[in-house]
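Order of writing sets the labels: A, B and C. Residues in every chain begin at 1.
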Amino acid sequence: MNKDAIAEAIKALGRLDKKNMYLEDFFLTWDKTDEELMSVFKTADILRALRENNISSKIFDSGLAISNFRDNSTRTRFSFSSAANLLGMAVQDLDEGKSQIAHGETVRETANMISFMADVIGIRDDMYIGKGHSYMKEVSRAVQEGHKEGVLEQRPTLVNLQCDIDHPTQSMADMLHLINHFGGVENLKGKKIAMSWAYSPSYGKPLSVPQGVIGLMSRFGMDVTLAHPEGYEVMSDVEEVARKNCQASGGTFTKTNSMAEAFKDADIVYPKSWAPYSAMETRTDLYGKGDFEGIKKLEGELLAQNAQHTDWECTEELMKTTKEGKALYLHCLPADISGVSCEKGEVEASVFDRYREPLYKEASYKPYIIAAMMFLSRVKNPEETLAKLLKDAPVRCRF
Amino acid sequence: MNKDAIAEAIKALGRLDKKNMYLEDFFLTWDKTDEELMSVFKTADILRALRENNISSKIFDSGLAISNFRDNSTRTRFSFSSAANLLGMAVQDLDEGKSQIAHGETVRETANMISFMADVIGIRDDMYIGKGHSYMKEVSRAVQEGHKEGVLEQRPTLVNLQCDIDHPTQSMADMLHLINHFGGVENLKGKKIAMSWAYSPSYGKPLSVPQGVIGLMSRFGMDVTLAHPEGYEVMSDVEEVARKNCQASGGTFTKTNSMAEAFKDADIVYPKSWAPYSAMETRTDLYGKGDFEGIKKLEGELLAQNAQHTDWECTEELMKTTKEGKALYLHCLPADISGVSCEKGEVEASVFDRYREPLYKEASYKPYIIAAMMFLSRVKNPEETLAKLLKDAPVRCRF
Amino acid sequence: MNKDAIAEAIKALGRLDKKNMYLEDFFLTWDKTDEELMSVFKTADILRALRENNISSKIFDSGLAISNFRDNSTRTRFSFSSAANLLGMAVQDLDEGKSQIAHGETVRETANMISFMADVIGIRDDMYIGKGHSYMKEVSRAVQEGHKEGVLEQRPTLVNLQCDIDHPTQSMADMLHLINHFGGVENLKGKKIAMSWAYSPSYGKPLSVPQGVIGLMSRFGMDVTLAHPEGYEVMSDVEEVARKNCQASGGTFTKTNSMAEAFKDADIVYPKSWAPYSAMETRTDLYGKGDFEGIKKLEGELLAQNAQHTDWECTEELMKTTKEGKALYLHCLPADISGVSCEKGEVEASVFDRYREPLYKEASYKPYIIAAMMFLSRVKNPEETLAKLLKDAPVRCRF
């Protein structure tokens, strides 16, 4: 985008209703209106274009963005810190460690103790079913209360960097990639996307990716097909969300136990492994009881279960059955590539290879999506502020 | 504070003699004059007010604040990084690890090697009696010499983030809370504060908190009562400091072995566990000899000793005996709350609950106290610089 | 340097041809022309002088500098983060861990995933012969390709923070120290430098230091003598580089197995332990095979081999044989000091003590060398940008 195009985009952003995003958290895409989601996409595009024009969008002169990764994460960590830096915040990590599942009193206290100068808190907590989302809500309540009581000068807003239910920064990066790839959100209407389980030799991959995808892609009139072997169900609540979304958006939501059926004539395919929801519930219970014998046993069972479905692989053959044989292949990365990262995995090497460039582009949207979420939650008049940035054009780097 | 009030506060700051703080370290509150301490309080209040008025107090365009936490620390870590960020410095952690007790040559060399672009160094080293404070002095000497020899472009100043003797950022945050709570330092005269030992099921809690409190609160005419069971003495040197302070300030310093006596008619209570000084000396020796059998034995003895004093608990009943039954309850957090974080601890849950809001406020002063210490050690004419910030009013966040 | 001297230095920089450094990596000093190396020295001096005049050289308003330390490193870590901060970038660490030797697909993907907003990547990877340099090349290719394909908005440039072959930020800091110590690069012509092996009770110290030194110091007409006991050969390729450099620069490159011969009449001595190249090759193979028995055995052999050469120590006696008995002593630090950090080591305590100040100065150049490498790879018209900084004179700290 050149500067005129950016100015146009800012005007378009101005027409979207997003006033309720100000000082609000971002937990689940289905908490947000269509216009709010479109505002995130628009803002992400604008922030990216500003940077590409060497215009700084540093709206904070000082301020902290706190990250709390309850799982290891390189990619999301870098996306979060890129986004924070783009807007002018310094990142401070809260290393709670995996084991230490804080709750109640401790969450409330810690949330306040770290937030005296925090503008944004990003949390990734996707390991245990029924925990991550509730934990984020708890933190949010704590800092809201802290702000109300005058303990916190500002009320930090939360960005869900992946929970047990949704992975909004991933699904929205995926979708912004689709919007830009297909030349506009209106072109997604009627497109068929296959969100399909795929075989992986590891187990326990998070459900939040497929859930995030069906919960979001169903919003804009797409034909969403969810495919997985029997026994690999996702949360039924999220399926219900997808169904309702489709009713509203004019799309369809279809379930199938056949990868071939899902891929047939698909415009977009997203083959990706995940763990069965019920197994993850069981695992959470076992962890709760400290039953490590049980966990080990469950792992064995899950790997054996996976091994029955090695044919769920995104092959060249399957790709040929998609729309004109050239569906867009999506993945949140890293993928299990057959013969590369493992003997047999989610995708054939030649397929992955062919799509490397678009896959990397897909990933490149994440820092901007996170930055946009932060921006819209901290800035009262986003279009005004962006227009001022465009006009003043502070340089990002004195080249 | 609105802008007029800030301007007034800056004028008041201008009347305080603080010229010796420039390019000086902050080790112990009793190294500082009353006016110097008041300058820290004033500056902390002003920096907070500037931020609340969305005025940036970023005096550094670049520069490093180095932190060296020889113990784990979430709260102090966040306070330090908040303070550094508020003033414009990036934080760089020196992870020396607990085990590696550097000394002599190594301290001198490392201190210089990390300080080429360091404006501030914050150190927390409270584990071993007789070590932390000396270590900080050693680092200070090393960087002073390095600066004198032209090795270091600037001479970084040190902030004691807790040593074996004092915990000035904690006690001064506590005191600023009191000043603001009681409406001015002059209102503290004659107030009774009970710094009391309290039972905890863990052992070896640092002495620097009670020592810091009696060493500071005795400066401003308060009646300071130190209460603990026999055998839980603090450093006698610090008691001596408190005694002398009282002579000068018109306060009193009383010791008792009765929690009830300490709480009686107290305006402020600070019930908090700590380890006996002599036991900590023994432990330091055992660590020095690598006598892990001995350490284990000592731990057992200390826990058993603690267990004889489970009645040293801040109960509702005790609170009723304080001034009008409503003394202000202080704690450095986290507290051992009976029935919440442990079966039996320092404070009854209902007492803690009632004081949560003021407790969080108390903690909220720490980043500003640290920032004020940094500010006064780096800025030659603090009131001029602050006045300029107020006038120019650079925005912290383009809301 | 005062401002006039800085202006002069900027003009001198303008006369050097360095256009090929723009958007290029810095892997090995022998990849670079003499004028390019001189540009780094000049820029480092200018950046240091600007800072000493309280002028900020923050050319980035936002941006990330990514560090990837595949070994533990305090000094280089601080130098890198100082340099990044000086120019306005935030540091984000990629903690890959030592064990995880990524390659191929994984390197390409990770390099792109972390670089969406990265301007600079610094890598230290010196443990395994034949690995570090290749890894850096791989990362470089990956991000170049990513940029070409539109995945990365900018093409981050790499700085080699130590590989298996060269340690350019160290050798150039050493050399800038020499230039400033002897009053100009022209005064180094004909000076004798002894790069000598020295005894250490530890084993496996990297070869990149002596290799970097002979590969660089031979560029400017010095008489370079490499001394080590038989069996402690460095890479023959780098010796070849040194030989060729000398032919071009009018210096000499001499090898000897006698420390005394090397020290005789030397102007500069650099006594420092390293591991035999062939042993490091063997170790790399053993690690590749996971042969931990073999590694243990090799360690034992190497320590025994070292122990035969405890007489390779930089003593007062040896120092007396140098030019006028006062050669400049260099070391990359930390040194193994006899009677201080170990019973018997690389250098006598009294020698080390006498040179502490110049040693610390030597080290103090590293952050500026790194900053200069970053600067020249990111800024199209370095002299223009520096001249503008000097003219506008943005303050680094509002003192």
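Keep in mind that, in the parts below, contacts are C-beta pairs under 8 Å (C-beta built on N, C-alpha and C of every residue); 3 or more make two chains touch, one makes a residue touch a chain.
Just so you know, these numbers come straight off a predicted model, no measurement behind them.
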Chain contact topology (line, ring, star, complete or other): complete
Numbering shared by both copies at the chain C-chain A contact, with half separating same from different: different
Approximate Å spacing (C-alpha centroids) for the pair chain A, chain C: 41
Two or more partner chains touched - positions in chain A: 90
In the complex with chain C, residue positions of chain A that touch it: 48, 51-52, 56-58, 74-75, 77-79, 81-82, 85-88, 90-91, 333-334, 337, 340-341, 357, 360-361, 363-364, 366-367, 394-399
Footprint of chain C on chain B - complex, ascending: 59-64, 66, 90, 92, 94, 104-106, 109-110, 112-114, 116-117, 119, 146, 149-153, 378-380, 385, 388
